[in-house]
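By written order: A, B, C, D, E and F. Residues from 1 in each chain.
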Amino acid sequence: MELKKKRIVTIVAESILETSIIKDLKRLGSKGYTIVDARGEGARGVRSGDWDQNRNIIIQTICSEQTAHLIMDFLYDQYYDDYAIISYSAEIEVHRENKF
Amino acid sequence: MTGNLLDPIVLCFIVGLTAGLLKSDLKLPDQLYETLSIYLLFAIGLKGGVELANASLGAVILPTIATITLGVVIPILAYNLLRRLGRFERTDAAAIAAHYGSVSAVTYAVVLSFLIQADIAYEPYVAVLLVVLEVPAIAVGILIARMRASKGSMKWGPLLHEVFLGKSIYLLVGGLLVGYLSGPQKIESVTPLFFGLFKGALALFLLEMGIITSRRLADLKKTGPFLVGFGIVMPIISGILGTLLGAASGLSLGGTTVLATLAASASYIAAPAAMRMALPKANPTLYLTASLGITFPFNIIIGIPVYHWMSSAIHGFGG
Amino acid sequence: MTGNLLDPIVLCFIVGLTAGLLKSDLKLPDQLYETLSIYLLFAIGLKGGVELANASLGAVILPTIATITLGVVIPILAYNLLRRLGRFERTDAAAIAAHYGSVSAVTYAVVLSFLIQADIAYEPYVAVLLVVLEVPAIAVGILIARMRASKGSMKWGPLLHEVFLGKSIYLLVGGLLVGYLSGPQKIESVTPLFFGLFKGALALFLLEMGIITSRRLADLKKTGPFLVGFGIVMPIISGILGTLLGAASGLSLGGTTVLATLAASASYIAAPAAMRMALPKANPTLYLTASLGITFPFNIIIGIPVYHWMSSAIHGFGG
Amino acid sequence: MELKKKRIVTIVAESILETSIIKDLKRLGSKGYTIVDARGEGARGVRSGDWDQNRNIIIQTICSEQTAHLIMDFLYDQYYDDYAIISYSAEIEVHRENKF
Amino acid sequence: MELKKKRIVTIVAESILETSIIKDLKRLGSKGYTIVDARGEGARGVRSGDWDQNRNIIIQTICSEQTAHLIMDFLYDQYYDDYAIISYSAEIEVHRENKF
Amino acid sequence: MTGNLLDPIVLCFIVGLTAGLLKSDLKLPDQLYETLSIYLLFAIGLKGGVELANASLGAVILPTIATITLGVVIPILAYNLLRRLGRFERTDAAAIAAHYGSVSAVTYAVVLSFLIQADIAYEPYVAVLLVVLEVPAIAVGILIARMRASKGSMKWGPLLHEVFLGKSIYLLVGGLLVGYLSGPQKIESVTPLFFGLFKGALALFLLEMGIITSRRLADLKKTGPFLVGFGIVMPIISGILGTLLGAASGLSLGGTTVLATLAASASYIAAPAAMRMALPKANPTLYLTASLGITFPFNIIIGIPVYHWMSSAIHGFGG
């Protein structure tokens, strides 16, 4: 059975942004997402996830090339200045292309 | 002092602090941290609610007014210190000020256990003061930061929701209600967990807080010397204000010590969450380091005995 | 009723429910939920095992038969209601029926604490009835769904494994054995954790269950009004059956109340897991919403006092 | 040192499927897998991971192009109708190509 | 806004290696990383993550093509003989190319 | 023996073991495992610290020397058995030897509860012996492996850090200090959590250990028969040495039983972590299977009563 190309956008951000990013994703046309708790380090220092204020989450959403671009740009404008957050986009292959 | 230093909960805090400073790989599971903080908040509310049964509404009014006053005065005072002397940016100053106006429930738990240890009585409604003091400063802090802030007017809705339905206040109030409605008899079946283990859980939590605090200390170089001084001087000033207003509003020695400690304590649950949402431009390293890295340990180890001493002084003086 | 409403564990459930409905960000760590459910199941078994020491085998036989009968009759009854009146698909109806035939260990724990509170005695072997009632309905539900189901015959092996070695039954039975073999003396060293804290842990768990329930309520619109009615009427019917068979099999007032509650309770651990494996085509939203969203809260808040009232009636009548 | 191209198949599914999917992967020729607990939302609603019945897991397996295709197709036939599950395949580079 | 190509290196390793791998990454030029706790199975058996000695972690770092190559090679030399560890590299697209 | 077998904590271990062997899906949350092991280590230290108050420094010296001797002799003995009879590679033999020279804090907790159950007194400073015995064997093991090991000289710094600041020793020592400094009065406020629940928490932990052990048993075929024999014979030999040195250094019946058990127990926290760092070429399957899969259950179920019997024998003989 043939696989179709889609994009997956991965966002690593401080956990306090969870609800607001989910709202954004839905508004921008994503039909679903998967979240994992994480820790890490970057320009804004170590976020070791050991208490409320320094947890990270990883949010992934599979979507069309175009939606992926919308999301990447929106996050850039909306959050990059003020929050510990990064995001990246990659190519993947799926069945059920209409699902995503 | 040394008496306080030799209390197991203070010792646990020091053990945790040392673990962090020595870079021990000791680390409490993050969900244990969450569990303990939920447990402590709820148990504090529960205990307060049961005690509330013996409180007369009239008696609560004056102290409540005093508490709200503190919640408004302290952040304004803190803000001006930070701006004028500390030269902090408006937003940073406002965010830090909100933390010092609000309260730390754990510090409250420690002062209560300090009073019980020394068996000094306190008013049955002090838990209400804890709840009352948590919110106003957060609002004041945000208002200050927003004054003539060009960038569009803010949405208060989600913020109020965040504050009043946030873990911290919701659990305290929820506990208060459950404790109050159940009453001393019916509550007994759950006391072994919520009261019997309380101090032990507090000790374990302070062990973890020690580790977390040690991490924040690493940021001190980034935040500079002024904030260190502020983190020690500010609670003392607030403690004095708390002592004065406590005594003025007719609180007992115990109650005054509690109010002074509440005033001196800086929030690290409700305020940080609210600031991150309402004032994203404020640098969290500053308010977290001040509140958790300096003021929290100061209060636990040195502050509480000092506030107790202040209150004794004023009550000795008064009577 | 109001008496029950003011019990801390019921109040905790309501506090959790409200938190969810008000969209508070309060959320118990998922591993705390797991820990509490493991603890409760094991402690229930342990307690039952210790009490079992004072039970005579003979006495257990009749009530056990009564219980198995309930485990077979209730799901068949439920299935027909759901098919004929509710117009549900065979698989969905069978899956829901299995849940109502099986039991909820937490509801069992709540009825016991209700009886202890009201200090009403109950037979020392009720825990056995809890275990006995858990399984049959699950098998019945699957059999109904499989009858002349074209698609290849199913593998019972993995399923029986899933049911009998699933968390829920394994912990109950394991606890029973440990409690029974240790006996009242040797068990004492572990009672502070497993018995002393039990009710407090139950309260904390119900707080979380309240949050979970509130989420399920959101699905009510998807599941439609019939299921809401079913979620309230079915436990009442089962409760009546339980009361009748309990009294008939010679159970005391307390024991009858327990059996009625067991009959009325709907499973949310063993049954959902088994259904997901054995009847993947059944829609989980339906059985989870009915069992957790409607019947569970109904039993905790209203049902138990009602079943106790029923049992009193029949025993008053009987004697 | 030169890197070799392989595929990584990522499966997000309700946690109850863990053991059965692992069996499938091994049978289809995968030599290993990595699992992480997750939560998420999709066509079958929110799965917030706060209790037994609504947890998700992410299973990843690195394998050959061909095995990847086998796995994707098998999952599609076996689980997609009845369960909350998605899967996708992506290109990666590894050392030790014979290991995977 | 235009996206730039980068590499993401993913390492799955026994959790005891966390601190030492992080040191390595920084030394090799990575500017940040994200970590998630995991379990899994491979040539060295099942690592079910239920106690200290059999936990895995997933470490991901976004970096330049060249750093990615350095990291992959270094891990290969340093850890592959003695530890339960795998790593792989994939292409992604990001904003702020200088951040990574 | 059967007495020991019917102790709830031993029964819990068996229930866990069975769960694993029957492939039940029962699984304690990983963070609960971590929480319990942190709790147990800290509580053990705490209890030891409080008891230490009644210990005279002089009395501790001889037993401490005896303990250190065991920590050096046992690993050398074990190494030679493994090399000569077992034909293991140097590194593997050294790593396994280190585990058997070091100790298992949980086994220590079980022997204490065994003595309390049988109410046999033991010296107030046994916790010190536990701490003392943990380290030397690890160093010895590494030294043996490193002798004329070509590949560059090793860095002791990070290793010593790992060992002394590792979770296991840090919590034991931290607890000792907190307990000792607080003293019997002040500690009381935290005893409900740290002492009252101790045995129950131990039971829960052993349930999980049973599951983990069952997984290790699956590796037995890989490790071969010799290691199985070694895992049973070695603790007996160490137990005898412990009994002799214990009695020789003037320990009471209880104290001798404790030292014998410490000698016989194999580490599964400190040693594995240290070996993984210092001797990466050593195969963990070997030392983990031996220590956790064979020796741990052997000691819990059979060993402890045996070591107690040995000690009784020598004390009966002595006096």
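Methods note: contacts are C-beta pairs under 8 Å (C-beta built on N, C-alpha and C of every residue); 3 or more make two chains touch, one makes a residue touch a chain.
Worth saying up front: this structure is predicted, and the values here are computed from it rather than measured.
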item	value
Fewest touching-chain hops separating chain E from chain F	1
Of all other chains, the one whose Cα centre sits farthest from chain C	E
Farthest-lying chain, centroid of Cα atoms versus that of chain D	B
Chain copies touching (chain C, chain F) - same or different residues, decided at half shared	different
Contact-richer chain pair (by C-beta pairs counted) among C-D and A-E	A-E
Between chain E and chain C, distance of the C-alpha-averaged centres to the nearest whole Å	46
Whole-Å gap between the CA centroids of chain A and chain B	35
Whole-Å gap between the CA centroids of chain B and chain F	42
Junction residues of chain D, two or more chains touched	36, 90-91
Per-residue multi-chain contacts in chain B, two or more chains	28-31, 34, 192, 196-197
Pairwise chain contacts under the document criterion	A-B, A-D, A-E, B-C, B-F, C-D, C-F, D-E, E-F
Interfacial residue positions of chain A with respect to chain E in the complex	10, 12, 36-43, 56, 58, 69, 72-73, 76, 80, 86-91
Residues of chain F defined as touching chain E within the complex	27-28, 30, 33-34, 37, 208, 211-212, 215, 219, 268-269, 272-273, 276-277, 280-281, 284-285, 288
Residue ranges of chain D touching chain E (in the complex, touch as defined)	1, 3, 6, 8, 22, 31-36, 62, 90-96, 99
Sites on chain B touched by chain C in the complex	29, 31, 34-35, 38-39, 42, 161-162, 165-167, 170-171, 174, 177-178, 181-183, 186-187, 189-194, 196-197
Residues of chain D defined as touching chain C within the complex	14, 16, 45-46, 48-53, 55, 81-83
